[in-house]
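Several structures are given next for inspection.
Here chain A shows up in two complexes: once beside chain B, once beside chain C.
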Partner chain A sequence: MDKKAIFFDKSKCVGCQACIIACKIKHHASPHPVAPPEGDPKGLSPINVHEYGPVIKGDRVFMYYQPLACMHCQDAPCLQACPETAIYRDEETDVVLVDRERCIGCKFCLWACPYGAPHFDDQGKMVKCDMCVDRLRQGKPTACEAVCVASAIMVRAPEEIAKIQAGKAADRVMKEIPD
Partner chain B sequence: MKIVIIGYGPAAVRALAAIERHVRLFPGQRPDVTVISAEKTGPYSPMFLIKFATGQLIRDQLSLKPEGGRYSFPFHELLGHPAVGILDKEKKVILQDGREIGFDRLLIASGAAPVVPSIKGIGKEGVFFLGRLQDAERIARALPQAREVVVIGAGAMGMEAAIAFDRLGKKVRVVEFLSQLLPKTLGAKMAEYVQGRLEARGMEFWLGCAVAEITGANKATGVVTNCGRELRGDMVLLTAGVRPSKDFVQDTTIETNQGICVNDRMETSIPDIYAAGDVAESKNRQGFNELVFNWYSAIDQGWVAGGNMMGQAKNFLFCPLLSALKEIEFPVLSIGKKGAEDTELLSRYERKKGIWEEIYVRNGFVDCYQAIGVRDKAGLFYTLIKSRKKVESLKKVLLTDGFNATGLIS
Partner chain C sequence: MSDERIVKSTCCNCHGGCGVLITVKDGVIKGIEGNPQSTTRGTMCAKGLASIQETNNPNRLRHPLKRVGARGEDKWVQIGWDEALDTIANRIKESSAQFGPNSVVTGQGTGRGYNLFTLRLASTIGTGNMMGPAHVCYLPRLMVYTISVGARLMPDFHGWGGDFPKTIVAWGRQTEITNSENEMAVWFLDALAKAKNLIIVDPKTTRLTSRANLWLQLRPGTDAALALGMMNVIINEGLYDKEFVADWTHGFEKLRDRVQDYPPEKVAEITWVPKEKIIKAARMLATDSPTAFNVGQALEASNNCTQNNRAMVCLMAITGNIERPGSMVNWMLTEAGQLEDFGREIKITPEARDGMAGGDKFKLGVMGRFSNPDTIFRKLREDDPGRARVMHLHGTNPLLAYADTKAILAGLLKLDFLSVADLYMSPTARYADIVLPVAHWLESDGVWDEHGLFHFSAMVKAVEPPGEARSTYWIYNELGRRIDPKYWFDTVEQVFDYFIRRSGLTWEEFKKIGFLKKTGKEQKYYKYKTDYWRKGGGFRTATGKVELYSTTMEKYGYDPLPHYLEPNESPYSTPELYKQYPLILSASLRTPYYFLSQYRQIPWLRERHPDPTVLIHPETAGAMGIENEDWVWIENQRGRVKQKAKFFAGLDPRVVMAQQAWWYPERNNEESLLESNINVLTTSDLPPDPATGATTFRALLCKVYKVEEAANG
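== the complex of A and B ==
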């Protein structure tokens, strides 16, 4: 099994929120808000779509969407912050996972995560994107990637994502250069 | 190489983890590690003591475990043997029973102990502190009988305890010497708002009052404040702050201030002696020494100290103070310290959503972030304050709902 990384393409996302629904179904997440302080008042969803806008540029109006789940950071702050060592890295896929049995719901990971990725269920246990690691092992795409109509979510090998990113950057540079 | 670690808290455990990591990379460099602790128990998380005392956690969940269960280097524990002195020239640690333990590298991670104020009647039964596991065990034993609890001190620790007791259905009265609750972490207006919401739950606050006496014959029955008011409580919890435990370095030439002064490699003024955790006083971004009593700071310092003791070149990036009240429906969060002058305040208050955020920006850098009812932005501001990123161009979006580090990427 190769190492995997997740990439969200802001320029492609149309904000349909299908990924949220697919993720909730896959992870059997409660559709309702979970009562705080244990849970999350916004409801449990390991993936979210953040909206920015409307932004007016000249005579056009823009709306931006940013899908976001756990980024599975290489130097994950949550993994270091966990007092119970409940958060660990899957050796095979490089995915950051959480051991539910060990989690005590202290929220130290939430305060450390720059993306606000950890969520908490009604038992106060941390739930976050596991990159559908069971599906990855079967060679299937993640739930969110499978349903994304705009191909805005990509789970690939880190090198492949780097190549795509580099291509996009090159495109941007080419636009700047006059003919 | 002989490494001795004084103290067995988060910083010490993280230093051991750094040593373990080093040994895995370089199996030839196996140090001989001895941990000296005043307590008879293994390492545990001191920040969850109140959760343990109120029955939310069991003992096993409190303990800090090494990754993989054990260490792959020779490892000895000397538990229940407090260090009483250090011979810095001979490189030896003196234990209470007179034994001398030699070392090549020493890490002082003895943590901090609760301040014991001089109040009349403090030795009575039913008066509790919260610093060690025994204290939490005593509270756990006394709690079922207590109906009313007086908490002295409305700092982060006191408030966390007060809320935990309130959730158990106890009548909680909080006495604070200063005129607001959470004086070190929150601004006055925000503190007032939090107080209002907690009072609505039935908690009582007596601010601007000092405790003159703890009443009762042998067992505490309440407190009398200096304004002459009598507050009943079968249990009195004293949280008057903490102080670094560094008595054993008195006779050495190690430079100390309030804590033990360290540089950004976690070295003290004497070579081969390191300090980390609550006891260490590191330099903040302005170049002044600052004590930070915090889990995040302790583990970072422990990690850096452990690596450097093994001959790596790790540097510590100052961790701002992060304190949070999380056991209530509206999380209260404070990161960093408000600067004195030319501070620009960005704030957002949405009554319906119960959200209140305040960002203090100085010279284009975020100095301090305080928030009520916001859950997912803590990590972002922690990163912004710690890494000192310029936020001039982001000012407009910093306060939007759901803004997080993605805003920085794009």
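== the complex of A and C ==
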């Protein structure tokens, strides 16, 4: 399997937040019981959508929704910071994962993370985006990508994301050609 | 993996009907996700996904209940289904016998695939009074399409005819987060990615405004003026589709004369949209076509409802954007045909037709077979001899949905008998004599055919309902059987078999297939050039053409041409009132987490939006000493409610937008019903739309001020 990266496209996101609920459902099933009837009815959101604007400048409107989760950094500060080596990288996919048994809930990872990705469940253990690695292994898209009406979330090999983005940039050039 | 299985079903948490896969283990739902093989391709929204918190929700109704205390006292005793259904059926029959069948009202909320059951029950009883919020939601548009074009139109986001829209106009509608007529967000956003232009017509910035080529920030309630102004530009500059207009429309000259009353300068004054933008948008949508018009409910919840929508149809027609690929299209149905027949096949009796509340006035409402709720409740309040006596409501909250909550409550309390079927003890159910527990769509079999489009799908029961809750279809069938068995069936399965009989499939067979659809090359465009609607070509209207000048409107005594009507209360129609209440109130703000009054008790959704919210421009708020997230009173001459102020620069500083249908499931009582529910400020006392009876929800007046703790008591 390819190594994977996650890409959130703020130019497409409409802020519907379905990804948050899809993520909660996925991580309720396993390993973290956070949905009713048992556990915290609210549960954690390993993915979040941040809202900016609207800001109006003359005729221009700026309003963005930025989904954000764990970026699965190559040189992951959380992984470096963890005193119990509970955080590790999945060789096959490059996904950064947490060994729940080893996690002591010290929150050093939270100090280290530049994105605020680590959350802590009702037992104090760290929970974050695992890129739905079990789904990836079954050849399925992540829960958040699958549910997105706006195609604003992509989990692909980094080269593939680069290619798609380059294609979009080229399309913009094409749009300058008059009818 | 003992008992894990996947159930393929259809989400019914809005009108849309997304294909879903439900993971069930040991009788418990472990997961819900979109079905990648369905027409919605695996996408879903927060509301549908959060259904997982409904099957085990502690607030669910579990048994039929009978009131033992006073109405609204919330004291109940559990009863059996037979007692509950027999009582309701007997009250209906007694009232029919004593006061005539029109004294019975069957009511529902927004369409969730059982409109036809509510109607069939009404016809079984013989009452003309089927009630719903149809007067302000979808029905007006449907009736206007019917009288003007002879067929309902939908924006074509599918490209089955070879073209996608080049220009998309999002007019008072946010398909990206809400669904109002079965065109889904995923299709809309795909088409948008391919479109050259996006024009947004909305008093506030939407989630797509930053991507729009043009944003026309109109004053709430002035839609018809804007559309007429655009037509003025299009006609006077010769940008209309001359061939389509000449061959396929009726009354162009009269429309041309009418739009002369709406020069862009004047329209700019009315709508607050700069003249240059009106002209630019008009040119863009007329010339850079095909153009799809994504028109929303904002145009319907207005005292000018019919003309707003008539103006839109005329705009579509003169620009040649009807039945052209990528424009406005009438979808062909599957081989199962028009499933809505199930509701309409029992002919309405003359007595029922004459007894429809508001039917003497609102002729287009009558055409749609819905009576007018405001009239029903007014007659109750006024002890009119022709008032309703018995009301059976299914999935609806008149106390939250209709204008003037206090007046609706006064009317409800006058009923001899009220029964309510719901998932939860809703604010309306609290005032019932009998409450029936309904199974959720995850707990029900069903056929999803909302608004009769190019596909319909199976709703397949995944888990058992809580307690004794039973499916909507079972409840309707059991009630129907008790009133007149000849129109109803022995089992729910027989209902579904009958329902889809023309497809040649039985329910059991259909359930396995999951859906029927007519898509791609099977859909035909330009149907008016064939015998599809009319031998030799044409539209299914009186004149055989698209009626810019409506002969039906003329026949009923309404203006046959679109016109603008100022909102009942506005800076211009009631300048004195405006001095006292200096803000325009749009009382129908939507979020992606709630559907009208639904879902406040779903933890994952409530977490996203815990409090009722009024959007206010920071400058306006600043002048009144209101800070972001302050609780504020929204007040007019009819009352006040409190919501939380949210600073929002995407509004005109003269306009505020308050969230609608808010209630507090965690403290459901009469006091909390009136606390944040914006319909305390709306009214049905002012003249409604003359043809549909639509009430104004989106253009009122108010003032806003900070809630002081001491004053709040």
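Here is the rule we go by: the second predicted complex is superposed on the first by the 146 of 179 C-alpha atoms of A that agree within 3 Å, B and C clash if a C-alpha of one lies under 4 Å from a C-alpha of the other, contacts with A are read in each partner's own complex, and residues count from 1 in each chain.
Heads up, the rule we're going with is that a contact is a pair of C-beta atoms (placed from the backbone, for glycine too) under 8 Å apart; a residue touches a chain by one contact, two chains touch by 3 or more.
The shown structure was predicted, so the numbers you read here are calculated from the model rather than taken from an experiment.
Once the two complexes are laid over each other on the shared chain, residue contacts for A:Q165 go to neither chain B nor chain C. When the shared chain is aligned, chain B comes close enough to touch A:T85, but chain C does not. Of the two partner chains, neither chain B nor chain C is touched by A:Q74. In the superposed model, A:G53 makes contact with chain C only, not with chain B.
Using the contact criterion defined above for the overlaid structures, shared-chain residue A:Q123 touches neither chain B nor chain C, since it reaches no partner. Judged by the number of chain A residues each one touches, C leads among chain B and chain C.
After overlaying the two complexes on the shared chain, residue contacts for A:G15 are found with chain C alone; chain B is out of touch. Applying the stated contact rule after C-alpha superposition, one finds that A:W111 touches chain B and leaves chain C untouched. In the superposition on chain A, the residues of chain A contacted by chain B and by chain C overlap at 35-37, 41. Looking at the complex, you find that chain B touches chain A at residues 10, 45, 47-48, 51, 57, 61, 64-65, 67, 295-296, 299, 303, 322, 324, 326-331, 333, 375-380, 382-383, 397, 400, 402-408, 410. Interface residues of chain A, counted against chain C in their complex, comprise 11-12, 14-18, 20-22, 24-26, 28-29, 35-37, 41-43, 53-56, 60-65, 141, 143, 146-151, 175. By the touch criterion stated above, chain A contacts chain B in their complex at residues 8, 10, 35-37, 40-41, 48, 50-52, 66, 68, 77, 80-81, 83-85, 104, 106-108, 110-116.
Only residues 23, 30-34, 36, 42-46, 49-50, 52-53, 56-58, 176-177, 184-186, 189-190, 193, 196, 205, 207-212, 215, 592-593, 603-605, 607-608, 648-650 of chain C touch chain A when the two sit together in their complex.
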